[in-house]
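Scroll down for the structure; my scribbles are underneath it.
Letters are used for the chains, namely A, B, C and D, taken in the order the chains are written, and counting of residues starts over at 1 for each.
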Amino acid sequence: MKKEKLKKIKNKLSKIKLLILDVDGVLTKEEIIYDDQGRELKIFNVKDGLGVYLLRLIGIKTIFLSAKNSPILKKRAKDMKVVEVRGGRLPKEKELTEIKSKYKVKNEEICFVGDDLIDLGMIKKAGVGIAVKNACREIKKASDYTTSKRGGEGAVRQITDLIVEAKGAKKIILDFIKNPKTNQKN
Amino acid sequence: MKKEKLKKIKNKLSKIKLLILDVDGVLTKEEIIYDDQGRELKIFNVKDGLGVYLLRLIGIKTIFLSAKNSPILKKRAKDMKVVEVRGGRLPKEKELTEIKSKYKVKNEEICFVGDDLIDLGMIKKAGVGIAVKNACREIKKASDYTTSKRGGEGAVRQITDLIVEAKGAKKIILDFIKNPKTNQKN
Amino acid sequence: MKKEKLKKIKNKLSKIKLLILDVDGVLTKEEIIYDDQGRELKIFNVKDGLGVYLLRLIGIKTIFLSAKNSPILKKRAKDMKVVEVRGGRLPKEKELTEIKSKYKVKNEEICFVGDDLIDLGMIKKAGVGIAVKNACREIKKASDYTTSKRGGEGAVRQITDLIVEAKGAKKIILDFIKNPKTNQKN
Amino acid sequence: MKKEKLKKIKNKLSKIKLLILDVDGVLTKEEIIYDDQGRELKIFNVKDGLGVYLLRLIGIKTIFLSAKNSPILKKRAKDMKVVEVRGGRLPKEKELTEIKSKYKVKNEEICFVGDDLIDLGMIKKAGVGIAVKNACREIKKASDYTTSKRGGEGAVRQITDLIVEAKGAKKIILDFIKNPKTNQKN
């Protein structure tokens, strides 16, 4: 990856207040898992979880935006201190006006991460659009940045690390790690 | 992959009206998953799902043809708008006459995707026979084309993308993505 | 792999009547899967399954020999037409005398496949000892042959294919595939 | 890896009496797995299991130290003869004083293995701090050694093998393998 490109994306990420994540293929390895009694399972990544959990220490909220809602997302959202799980409405970019108004953020304060065609509108309209490594061609082409890690294998952590760096906020994170009780906001 | 080979397979795929997919090893990573109470699980790929779901916008139906039927296949078929799940009868090619009559398709309008010996008859008899990367030697040898992706890792999406390209139908897909409600047929 | 080595292992495999398979790490990817209610899951490979299933057409029986028994093994054994699941007794090689007597086979008619230290005695004592790619050093060193595929990713199928080749029995297999009903023995 | 570095870590490991393992990302592939009824699953590695199980033959106890406790850990701990599962308190290094007193070990007799920021205090304070291949930068930098295998793919076994080598205790292990009953201590 070019240094120039990294500098540019960091500059954009330094303004972010809201991180919106697609789920399947971004927080997971594109897996749709069913058992023969109709139950679903999802496999998330523990490092993505810590990354998102720590973002709120520097005032960044996270939202899951999936084409399909599921109780699993609610459970994982709780672990990661994600503020909202939105799902079910297509095209996804229809949610954008409501989200901006609800969280009082401007377009350039929103980063969206996606991997497939139904994320195309969001990738184009959000202030910062990021594609995971396993995204389809159209998403990569329309995005500001593509992660070097695949969805479910730490792509989201790579992005949260980049945001922390862009904000110059690593010390806040490390202080919290040393002293979670004292530093915990919520 | 040779350009010549790609041109040839696209030409064949431009006539397709029916896509028949083997399940284990094609829609999954060859995994057979059991728990200790006799339940089964299957892991599908979300990008394969969207690929098949979108095919019906250009008039292509999809069928799952497995050696073993399972309620899991029915559930995944519903997500993907697959018209039928066939299973249980061997050799699989015995289903071909019935399928052609039921869906009113000619042999050259059928594409079958398989990975193992029990798919050999279908690979040979269907108008277009495609092997996934992880197919056994005999299947690859008898097929018109081999995907560069493995089963469960996007091999089926690679094929549906190829069909869309072969049919020159990418605009239809992207219009639907922008406006799912208006464009939705079913 | 050297041609010489392949020729030698094929010569040994041409005499085989009984295939004894360790389970974890050989039929699976070394995974031990639990849920929070004490249930276990196992992930097998569908191509291994067909390979073992077809072996009985050429008169070769298969046994699972695991350090730990489980109802999951029984279920998978049924799919694969495995004649027996043995588990629980250590060291595993203690089973050998009983197995030889029960199945009326000589030592050189037995092939054992393993991956870890507790398989060492069996690897040394069975007529043919095969290590999977992911076996520990000691097992590889003591074995007649090491597969190029990992356990759970088709290592067992690689061995059953090698046995079919060694026995010159590919036509029997392909005839059965074309006509399962007529050719089915059991 | 440099020979010098391997010699140094073996020298340190030769004094170890207690092995403390982080769980997610160390004993697993960073996976957090939920089903839609709130149940959790974890995928461990069978070779890690045997490695830890055998350590107690040479007088080394193992502890799981996780940020989140779970009944799954208790079950896997029982398989592996792990003496204690500790979880829930952050920062993790707060447990160190209690652990040292309970197990009557000095700091240089403790080896801790971790992969993410919340392991940083333990990595720094334990006599020997080991990072798995998939650890974050900060953990690798603070550790005495980084495994070449990833968590859940045999990283822990790599460490237990190294400890056995460092202690010159391979014969004890192999004798037990040959004769588990006679040699079993517990």
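Points to keep in mind about this one:
Assume contacts are C-beta pairs under 8 Å (C-beta built on N, C-alpha and C of every residue); 3 or more make two chains touch, one makes a residue touch a chain.
The structure displayed is predicted, hence computed values, not measured ones.
Listed by label, the chains that touch subunit B and also subunit C number zero. In this structure subunit A contacts its sequence twin subunit D using mostly different residue numbers, the overlap staying below half.
Centre-to-centre separation between subunit B and subunit D, using Cα means, comes to 44 Å. Averaging Cα coordinates per chain places subunit C and subunit D 31 Å apart.
For subunit C, residues touching at least two other chains, in rising order: 35, 41. Arrangement of the chains shown, judged by which pairs touch: one closed cycle in which each chain has exactly two touching partners. Touching chain pairs in this entry, ordered by label, are A-B, A-D, B-C, C-D. Across the interface of their complex, subunit A is touched by residues 24-25, 28, 30-38, 41, 90-91, 115-118, 120-121, 136, 138 of subunit D. Residues 35, 39-47, 49-50, 54, 70-72, 75-76, 79, 153-154, 173-174, 177-181 of subunit C touch subunit B in their complex.
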